[in-house]
Structures are given as C-alpha cells and as structure tokens.
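Next up: some structures, all given as structure tokens.
After this come two complexes, each holding subunit A, first together with subunit B and then together with subunit C.
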Partner chain A sequence: MASVSIATVAANVLLLGALYALVAIGFTLIFGVGGVLNLAHGASITLGAYSAYYAVQFGLGIYVAGLVALVVPGVFNYALYKGLIKPAGDNPVAVLILTLVLSLVVEQVFLAIAGAQPVTIPGFVDGQVAILGGLEANRVLGFVLSWVLIGGLFYFVNRTKRGQAILATSMSKKGSALVGINPDRTYTYTWIIAGVLAGVAGLFLGSFQSLNPLMGRSPLLLSFSIVVLGGLGSIRGSVIGAYFISMLDQLTIFYVSDRLAGLSGLVVLVVVLLVRPKGLFGRELAEG
Partner chain B sequence: MVNNGKPRATRANGVDRRSFLKATGAGSAAVALAGCTETISGGGGGVPDTIKIGAMGPADASFGASILNSAKLAAEEMNADNGIAGADVEVITKDTMDQPSTARTGYQELTTSDNVHGTVGIFGSEQLLALMPEIASAQTPHLTAGAATPKAPEQVAEDYETNKYWFRVGPVNSVFLGESLVQFAEDRFDSMGWETIAVIAEDFEWTTPITDGIKSELEDRVGVEVTEVRRVASGTQDFTPVYDQLEAAEVDGAFTALAHIGVNALVQWAKQQRPFGFGGIHVPTQLPSFYGATEGAAIATFSQTTATPTSEVTEKTVPYAEAYNESFDKYPVYSGYSAYDAMYMFKQAVEATESVNGDDIVSELEGMSYTGTGGQIEFYGQDGEFPHDVKYGPDLSQGVYFQWQADSEGNGVQETIWPDSLATSEYVPAPWNQ
Partner chain C sequence: MSGETESTVTDQPEDGSLLDLVDPRKMSGVQRLGLLGLGLLAIFGPVGIVAGLELRVIQMTGALIFATYVMTWDVVSGYTGEISFGHALFFGVGAYTSAILNTQLELSLFLTIPAGILAAALAGLLIGFPSLRLHGPYFSLITLVTPIILISVLVFQPDITGGATGLSGVDTLTRDTVLSYYLAFGVFLLTLVTFLAITRSDAGIVLTAIREDEVAVQAAGLNPQKFKLFAFVLSGAFGGLAGSIALHSAHLGGFAAPSDLLALVLSIEVIVAAILGGMGTITGAAVGGITFYMVVRLLRNVPVLGEFYFLLFAVLTLLFLFFVPEGIVPRVLRELKGRQTDATVAADGGRTPLEITVRKFAEQLRELVGLKGGDER
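Now for the complex of A and B:
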C-alpha cells in the first residue's frame, strides 16, 4: 500500500473539519442557549440537502437551490421551535422525545417521496483547484463558505446587540431577562441560525457525497462528540472540537483502517464524559 | 384458509367475475380442503382456475421495483394469451423493504394466507438467506431473481430434500461474478491500459466469494499488478481517503464490486476527477436512469449486468425491455430480466406437468432449458456444483459489460463493451483522463 502524503491528509482534515464545525455549532447553540438537545438537527441537514435536490429538479439551477437549502431548514427550525419546543416548555424529556420523533418523521417522509436510493446534486463549481496536488474545487468552496459563516457568526455573537443577547441568554437566562432581553426572540434567532447552518452543511455534504434519507444521522452523532469535547454551548469549543475529531478520524482512516471511520469520535465522547465532562471550554455555560 | 376473497394486493389483470367467484369459491368445502393440501405440499396436483405467484423485492428501490413490475408484466402478457394452462395468473407483490425480517413476514403471508403456488424475486442475499428455511417449510417453488450468494445452493447441496424448492434464475452467483470479472480483465484490460489496479468491494455477503482469491487470479491469469483488495465497510460515506491511497499507489483502475454503497463511491470518483478508471460490478450504475440521476457523473463507468435494454442477449431481451418501458415508462434493471424469465419458467413447468404441485414443478425445472431474456437458462442438478443455481457460460447465462458513454447530444448511453459478439463500442476513458 503506497502511503499518502501528509499534505493530502491535512487537506482532508481541513475540508471536512469546516463542515463538521458548521453542523456542531448549530447543535451547540441550541443547547447552550435553550438547553435543548435537538435530536432533529440531523433532519435539518437532510432537509437542506433534499430541498436543494428538488430545487435543481425543478430546473432552478444550483445557485437558487443553494438559497433554498438555507431557507427551508431555517423555516423548519423556526416552525419546530414555535410549534413544538416552546409549547413543550421546560419539560426536557418531552422535548427530547419530540425532536427524536420529528427526525424519524423527516426520514420516513423522504424515504416515502424520494425512495431509499441515493441521489445527487451538482456542485457549485466544477473541476480542480491546484492546491496540494489538486483538490475538488467544490470542496474548497465549501470550506471557504463554512469559514465565512463561522467568522460571521463569531462577529454576530461578539459584536452585535442581538448576538450578545444570545450569548447573555446562554450564560444566564435569569440575568439576561433582568437586563431586558426577550428570551423568546433570542431562542427564535438561535433556532433559525442553527437551521441555516445545518442547511449549508447538508448542501455541501450532499454535493460532495450523495443524498439519502438517513444522511443526517452520522453528522448528528458526530455533533454529539464534537460539542461534548468542545464543551456544550461553546462555539469556539465546537470549532476546535470539529477539527480535532476530523483530524483523529482522518488519521485513523489513513493510517489504521478506513473500516474504523467514525469510531474515533465515539471514543472521544466516552473519554471526555469520563475525564472532563464539561469539555474543553465548558465554562461559558455558567448556569441554566 | 385459502382464497378468502380479500384483495390483498395488486391484481395483475382484471380477472373476469365468474372465474374470480369460482376461484374464491365462497363456502365451498372443496376449496377449503384444497387449501389444506396446498398449505402442506405447496400446491396439489392439477391446475386450479387461478394460479397465484408471489413477487418479492424492496419496492422503493429500482432493483426491487423491477422485480415486482416484471412479474406483473409477465402475468399481464400471460393472461392476454390463455394464462398458464388456461388458468388466470394473479401476481401478489410484497415489499421486503430490504429487511430480512420484513421479507420473512411477507413470505409467510404469501404462503400461508395467500396460498401462492410459487414465488419469484428477492433482492439482497441477506434477505434470501433469511427465507431459505421458510421456502423449505412451505415447500413452494421459489425462483430467485436478484440475490447472488452461493450459500443458497450450498444449502440445497447439504439437504436436497428439504431445500430443493429453491432455484435461482439470475444473476449468476457471486463465485461466477468473480470469474466473470477475471474473464473480462483477461479480454479487455490490455486494450484499456489497466496494468496496475486495486479491487474495491463492499463488505457484504455477496462480495465474499468475489474477493476470495481474486488477487492471485488476476495476477496469474491476466498479468496485472493488484495493489490491494479492499473490502470497504458498509457505512462508508466518504471515499476520499480510499481514492487518495489508490492515487498514491498510481493505479490505472479501481475494479469494483459495489451495490449498496456504490453511489457515493462513483459520485466522488467523478466529482474529484480521479486519474484512474472505475468499474467492474457496480449495481447502481446499471440503472438505465443513473446517468441522468447523477448529472452525468456515471460517465465512463462500466459494469457487468444481466442484460441492457439494447443488448440482444437473446431474441427476447429487447422486446421485454421495450414492453417494460411501455408499461412503466422506464427500463428495467438486471433483477427485472430474471424475474420476468422466472415467471415464464414457472409457467412452462406448470404447463408441462399440468400440475401446481411443488415436487412436480421442481423436477420439471431441474431438466428445463429455457431461452430467457438473460440467456439460455439451465439449472445445476442435485449433484451439480451449485444445485438449482443458474449455470454460467458463453452459451448459457453469461451477462454483458456495458459502459456509460455520451452520445452526440450529451445524453448517456449504456454501450455494450463485452463480450465481442454483443459489443457496440470499445472502452473509452473518462473525459478528464483522456
């Protein structure tokens, strides 16, 4: 077996890590701010990918399809929050069950209308970019766009009033309410942002690989590992966690066996829960 | 209870009211009695007014839909032409959902409450193996179309009396699929420029006989260098690392045995414009609609298959594909050809023996040589290498290799590239590798 250059492995880590981060940030935002473990996060990914697929099928072109892939999961998450999560209120078990059921419903709906057979969506750009011996241009675009979104989110959270309201709510619900922050509005933003980020991830996952109704499952599992490692609720932790897990995964695949793909994330999950349950940056979550 | 009159599933054809009533035989003790014997022996002697055949497959997947539709198409054609020995033909379909447990329940419903006289289809070796004990206890002939595991004939060999009700019409079993790959390599690799290759197989039951020993076969018989034989885990989504390694090993081609996880493998190969060829056995790319569905990513990929809509494997191949297209507005995949042939072989067996008795049909099928859409179909006998499995060979069932090529308007066409007698084109490398 010929060995693969370090640069190739590094490229894979970078490209995948950015997408993992997008998925995990949405997941961690909802948990950090609303205290909700959103098991329907994978469904938003699937929804984003399939909305793009159907938009392409309707002849809207990939750019419009890309837009649809952001809007539909955003609206879905908005409806999910207003329709199910808010009424269920402070009952975490009900919320957990509701999001789990909803994710299964989304899978079944796509199994029924689209079938189990994988489908594909075209990339935004064709061809190769001459970096590190040639990378798929579409993957590079996905990487760049992910980082633009992550950067934008950092800016939003740290530099804008609404963003700071999200941060404040995640630190202390009571405290933020005392200074006049409307928690409901903050939750709504958070859910929509998480939906949009998941949609982007779905769009690019779909265009690198292929779409199937169960495609949201492994990113959801991965998100668990990433946010537990990074510290539930921490955006910074999610980005670092995403890169760490993507690196571990790729190293395992390249240097041990591709049959162990995805395992490293689960090992990290168990180790972190045992050794450092609050994760790397768990302190940002001061109180519920 | 036989014939309880509940329309349980698709009727292939409007059966006329009188024969339907006669068949449902409300309140007739004779029917009830016939029901008992049927349950025990998988069809008593003589031919009833309606012959019921169960068709099984994963309805959501084209490989399953092709089975179910082909059975319906065959029944429709038969009913338009005196049925089977004068009896109406009714096809009852069951969706296996590609799950062994669902397949088993569906089969039990078919044999115990619907009292079918035979079953055809099944896609997926896991499902077939789950059914083997059921087929044995129902003593109802089953003609497999779709699953390729050689473990089924192994069971017939081990306990012939119990398992003799099982037959496979197609595809050829995976031992022969492996042989077919090597034969293709012998005939074509030289002209394709494939000197160094890697074998990529999915880690499923059906590929085990293929990957066992293929490295030495390819090296000894074809003289190519095989850098590795890799069995890729079933859940694999990202093939980038696999391809990075193949690229580092400077292979000329990835020789595949992929079905369930084949789409990701193919799409990523095309989107990443890997500098090596791709093909071998690749079930998804056999789909006539696959080129369009993948936005042309299937270009230059090739695969073994039973037949393509334009390959004249026998004089029945093209007419069947066209009739299928007319009825269902698309072309069938490989499992469809076999399911269609299975229906006609069952018909021929019933007509020859004038009986729907399981044992009678089994002995008739054993000696049958039938020109089907997929080739000259014959089964190994009790003492053969693979009892009741379809025989493989140039004058029997051999299959074809096709490659996706673009026509002058940019549409994908499945051009046959092997064997020589059926070839319509030569292998063409992918546009980015030319």
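Now for the complex of A and C:
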C-alpha cells in the first residue's frame, strides 16, 4: 500500500511539476523580459481549459479542442498586451490593478456563463500505461507533451534568432534595440508564448481534474512561489522550482491534509522573499 | 516616537492652542464643509430611520466601515508609498481573533475586541518587517499572498474557524440598526481624527518624506524603518478595530466569513476607493470609501451592469490614474481654492502622491528586472 501511494505521489509530482513549470515559465518570461507582473496569467489557464470544454460541447473532437485551447489564450494574451499593457506600460501599478481586475472579470464571466459547478473535458487517449504501477495514458501524454514544450522553449531561446532576441531584450532593451531588435515585437512574442503555455497547462489540468471558473488561481499562486524560488526571469529555475513546489504540495496534500493544498508553496514564497529575495538562480535571463 | 510628535501642532502657522483647531470660526471654508459632512453623518442614522430610509442607513453603516478600511490602507500605502495588495488581512485578523476567542473561550466582547485589535497590530508589525527589506513588486507579492495563507489556515481548521463558509453565532454588541450605525460612525470618526492628527503632525511629514525619498530621510538623521513600522502597526490596529466592529454589529451580524473579511476583492476595492478619493490625504480615503461603497450598492441593482461593476471601476481607476492622479477630493479642493493659490509653491514639485508612488514602484521594478539607469521601458 505504501509503495503504491508513493508511486501515486511521484506520478502526480512528475506531471503537475511539468504543468506548473509551463505556467511559471510563461509568467517569468513576461516578467523577466517586459518587467510586467501579469496577474491575469491564471485567467489564461482558465480560458484555455474552458475554450477546450466549449469546443468539445460544440461537437469538435478533442484534438481540435486541444488546438483551440492553445489558440484562445494566445490570442487573449496578444490582445491583453496590445490593448491594455502596452498603453499602460510605464505605470506598473496600473498594470497590476488592471491584470488583477481582469483575472477577476474572467472568473466572473465563466461563473456567469458556465456556473460554479465543475465540468470535465474528455482525455486525449484512453487506457493505461504500465509505468509506476499503472498510469493513465492521458497523464503520460500530458507529461511528455509538457516536456517537449519545455525542451522546445529551451531550444527556441538558446538556439534561434528570435529566442536570442528575447534574451537580449531582457538583458538590455536599449542595447538590443541598437542591434536592430524591435522590443515591441519581442514583447508580443513573449506574451503569446506565455498564453499558449498557460493554455496547455489549463487543458491538461482540466482533463486530469475538472474545470471550474476559479481553477486559474492556485496555479498562478504556485507560479509566484516557483518564480520567486527559481529566480525571476530564469527558465531553468522555473522548471526546478516547479518540481520542488509541486513535490512539497503533493507531500503536504498526501501526508498532512488536502485542505492545505497550495499553502506550502505560499509559505515557501514568503520565506524565500525574506531570506533570499534573488531566488535560487538569480537572474539567469539577464545574465545570460 | 509618535507621542512627542503627535501633540505638537507645528504645522499651525499662528501659535494657537489645540482648541483653535476645532473652533469652527477659525476654520477655512473647506474645513467647515468637512465638519458639515461629519455633522450630517452624525444625524443620518436616526433621521434616516424616521424618514423611512432604513435600507440606506444599513448601507451607510457598511460604507462607514469600508471607509475606515480605506483610511487604514491610505495611512500606510498612501503615505509611505509601499502598496499593500492584501490589506484585508488586518480586518480579517482583527475580526477572526475576536470571533474565535468569543466562540471558543466564550470570553466577553469587551476582552475579545481589544485582543483582536492587538492581534491585528501584531499582524501589521509582521507585514511591516518585510517591507523594510522588500520593495515594490516583491512587497506587493507578499501582501497579496498573506491573506490567502490565512484563508488556507482557516479552511484547515473548520471546527474552530468555520472554514470557507464562515463562523456563525458570534456575539454581537448590538443588532439594532441605529446603534450599529453609531458604532460604525464612532470607529470611522476615531480613525479619521487619529489619522488626521498623525498625518498632519511631524510624523506625517516624515512618512510623506519616506514616500518621496527614503535616502533623504536617512540623511536627515531619521530612521525611516521606525516610521514605516509605526504606520503599519497603526494601520493594523485600526483595521482590526474596524473589522471586529463590523463583525460584532448588525453589519456582519456576528457572522465571520472569509469572503466578507479577507477576500482579494475587498483588498482591491480598498485600493480602488483610495485612488478614486485621493491617495495620501486620509480625507480623500474617507470620502472615496463612502462614495465607492454607496455607488457599488446602487450599481448592483442594475441588471447586467451589476455583475460587472468591478470592471467599470477598473476602467474608472485607470482613467483616474492617467487624468486625475490626485483623486477626487484634492481635485475638488484645488478647484474650490482655485485661482488665488495658483502662485504658491507646490509641495513635492506638484506631483501627486499617486504619481510619486507609481514612479517609485516603477523604479523598484526596473531595478528588479535589471533595466536600470537610462534603460527606460
């Protein structure tokens, strides 16, 4: 029994860690590159999950719905950046209030049209895979896909021109502009990437658990902790932080009480901020 | 620190006694207007009941409590420029401490309410300490998550705290509409007078100076940390008082729920009301708080719009951030005093508290992200 439960915790940590990493990477990209604390990042998660749900309801297959779940948050973030963040760009307090209010509005909209009761979306694949004492194939798919995305992002940032432009902009906007990088376009990319990643996370969180209008909250809060732990702007730190936080969270849920879900992450956040505000990995994006 | 500065009336140009401060004959027009407003509030309770406006009296009770919340935010964030995104923590700590002591140990409210105030003041100290090291976005993150942590703790022990639904059956001082109104009015008045006295004293000048330039305050031989902590403890104590009075009166009717006392929405509404009314003025916070609360109550009855009143206020706040950064009250005062003071020297280089706070926040953010110096966004 004990070995089974450890396997369950391990499987949860592996999967949720990857999904939280996706959320946190998006959050940290926007912060590290554009200096914007996007408190509406949780809304992208909710939006991704619910757009998949409505696509399925509309009669589209789950694969098409999965695609919708990527596109809608991407477009949402694009519109958010172009329509609200850019005009208010030099006023971070306005940005904070704006994104916070926007996330509350998204919650209200889904509460109004979908109701508070949880809904579900079907998995991509059925059946089990014989690892760690038998896992749902859908979970394994989510895990693999998340890691493909994380790996792809590493490749993108470190090996492609466009990714290097993002890195350069995060180091020095002026310097990168001097060598011909358009900062506005770079910010736009990071916002879209962040939206898509959040959409993937929302899609899989929704297909493993269930969807509710407030589902974006706890991943957002956890990604605060992850990002602060890993160091603002650090992709590698986000992945490591995501695994650390999700492990802590799962252990708390499993061995203490599920009512404490999310709490350990927040405590870590406060402790890290007080003890080592730079996080474990400092500012990787800025230091190269 | 405050004891010596509070009572000195150095900002009075003529060497009048303290009594002159409250002498209506020596007041300016604006001050008389404020006094008139307070007078109207003082009689609104019974008069409203007689006039058949009981609902409005009940709403006004809530408005006075809310305005007190807004003032407690303003005395910290409006003056020191460290923006707290989770001020509901103090209301929640005050109310819940009192509620739990009352229900679990069956202590009298006359013991539990002071205990609540003490606990909230302690919470102010605990939140104040990080603010000494963490600035701007990091401080906002800490203040954002602390009420959420408290909610998690409450949910963890539902038999004691009532969990997510709330703790019912807490004793009340009174459930009478008029008496509750006067309780709320008393708390409002006490907070207003205390905060006005402090912010208009030397301590207030130091707090304002911290917002402007912390290094300059240090250079003047003053310890900004001491003053910041003082502001936090003060804010926490009065926030706790307001929260527990809200709970133990007809306003919340002895029902402590996270959604009424700790919710993120409440923290945000407090900030919005302070910005609309006028940040860093206390009076602006008081007026903004009452107005915001009443307008929201009116809007909620409007179909469709009522659901999204929040969005409406968000848009309004943004418009204010750009077009009326000083807030309604200072703007109106300027229009009233208007032309004859145009030539006088503007304090803070004519920048409003909100603008200074925003600029400070932006600088700290830039420092954090590494976009220093001329590398402007």
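One rule holds in what follows: the second predicted complex is superposed on the first by the 277 of 288 C-alpha atoms of A that agree within 3 Å, B and C clash if a C-alpha of one lies under 4 Å from a C-alpha of the other, contacts with A are read in each partner's own complex, and residues count from 1 in each chain.
Methods note: a contact is a pair of C-beta atoms (placed from the backbone, for glycine too) under 8 Å apart; a residue touches a chain by one contact, two chains touch by 3 or more.
Bear in mind the structure is a predicted one, so any value in this text is a computation, not a measurement.
**Student:** Who does A:254 touch here: subunit B (first), subunit C (second), both, or neither?
**Tutor:** Only subunit B is touched by A:254; subunit C is not.
**Student:** After lining up the shared chain so the two structures overlap, which partner does A:184 touch, if you call subunit B first and subunit C second: first, second, both or neither?
**Tutor:** Neither partner.
**Student:** Would you check which partner chain A:136 touches, where first means subunit B only, second means subunit C only, and both and neither mean what they say?
**Tutor:** After superposing on A, A:136 lies in contact with subunit B but is clear of subunit C.
**Student:** Let me test your reading of the model: by the given contact rule, A:127 touches which partner, first (subunit B), second (subunit C), both or neither?
**Tutor:** Touch partner of A:127: subunit B, not subunit C.
**Student:** In the overlay, answer first, second, both or neither for which of subunit B and subunit C A:119 touches.
**Tutor:** A:119: touches subunit B, not subunit C.
**Student:** So, A:262: does it touch subunit B (first), subunit C (second), both, or neither?
**Tutor:** Both partners, subunit B and subunit C.
**Student:** Is A:233 touching the first partner subunit B, the second partner subunit C, both, or neither of them?
**Tutor:** In the superposition, A:233 touches subunit C alone.
**Student:** Is the number of subunit A residues in contact higher for subunit B or for subunit C?
**Tutor:** With both complexes superposed on chain A, more residues of subunit A are touched by C.
**Student:** Given the touch rule stated above, what does A:173 touch, subunit B (first), subunit C (second), both, or neither?
**Tutor:** second
**Student:** Once the two structures are superposed, pull the subunit A residues common to the subunit B and subunit C interfaces.
**Tutor:** Common to the two interfaces on subunit A: residues 259, 262.
**Student:** So in the complex, which bits of subunit A are touching subunit B?
**Tutor:** Residues 1-5, 8-9, 12, 16, 111, 115-123, 127-128, 136, 138, 207-210, 215, 218, 250, 253-254, 258-259, 261-262.
**Student:** Hey, which residues of subunit B end up touching subunit A in the complex?
**Tutor:** Per the stated touch rule, the residues are 58, 60-62, 98, 203, 227-228, 230-233, 235-238, 240-242, 244-245, 248-250, 263-264, 267-268, 271-273, 284, 293-295, 297.
**Student:** Would you mind writing out the residues of subunit C in touch with subunit A in their complex?
**Tutor:** 83, 85, 130, 133-134, 136-138, 140-142, 144-146, 148-149, 152-153, 155-156, 158, 264-265, 268, 271-272, 307-308, 310-311, 313-314, 317-318, 321-322, 354, 357-358, 361-362, 365-366, 368-371, 374-377
**Student:** Would you tell me which residues of subunit A are touching subunit C in their complex?
**Tutor:** 31-32, 34-35, 37, 88-94, 96-98, 100-102, 104-105, 108, 112, 170-174, 221, 224, 228, 232-233, 257, 259-260, 262-263, 266-267, 269-270, 273-274, 277, 283, 286
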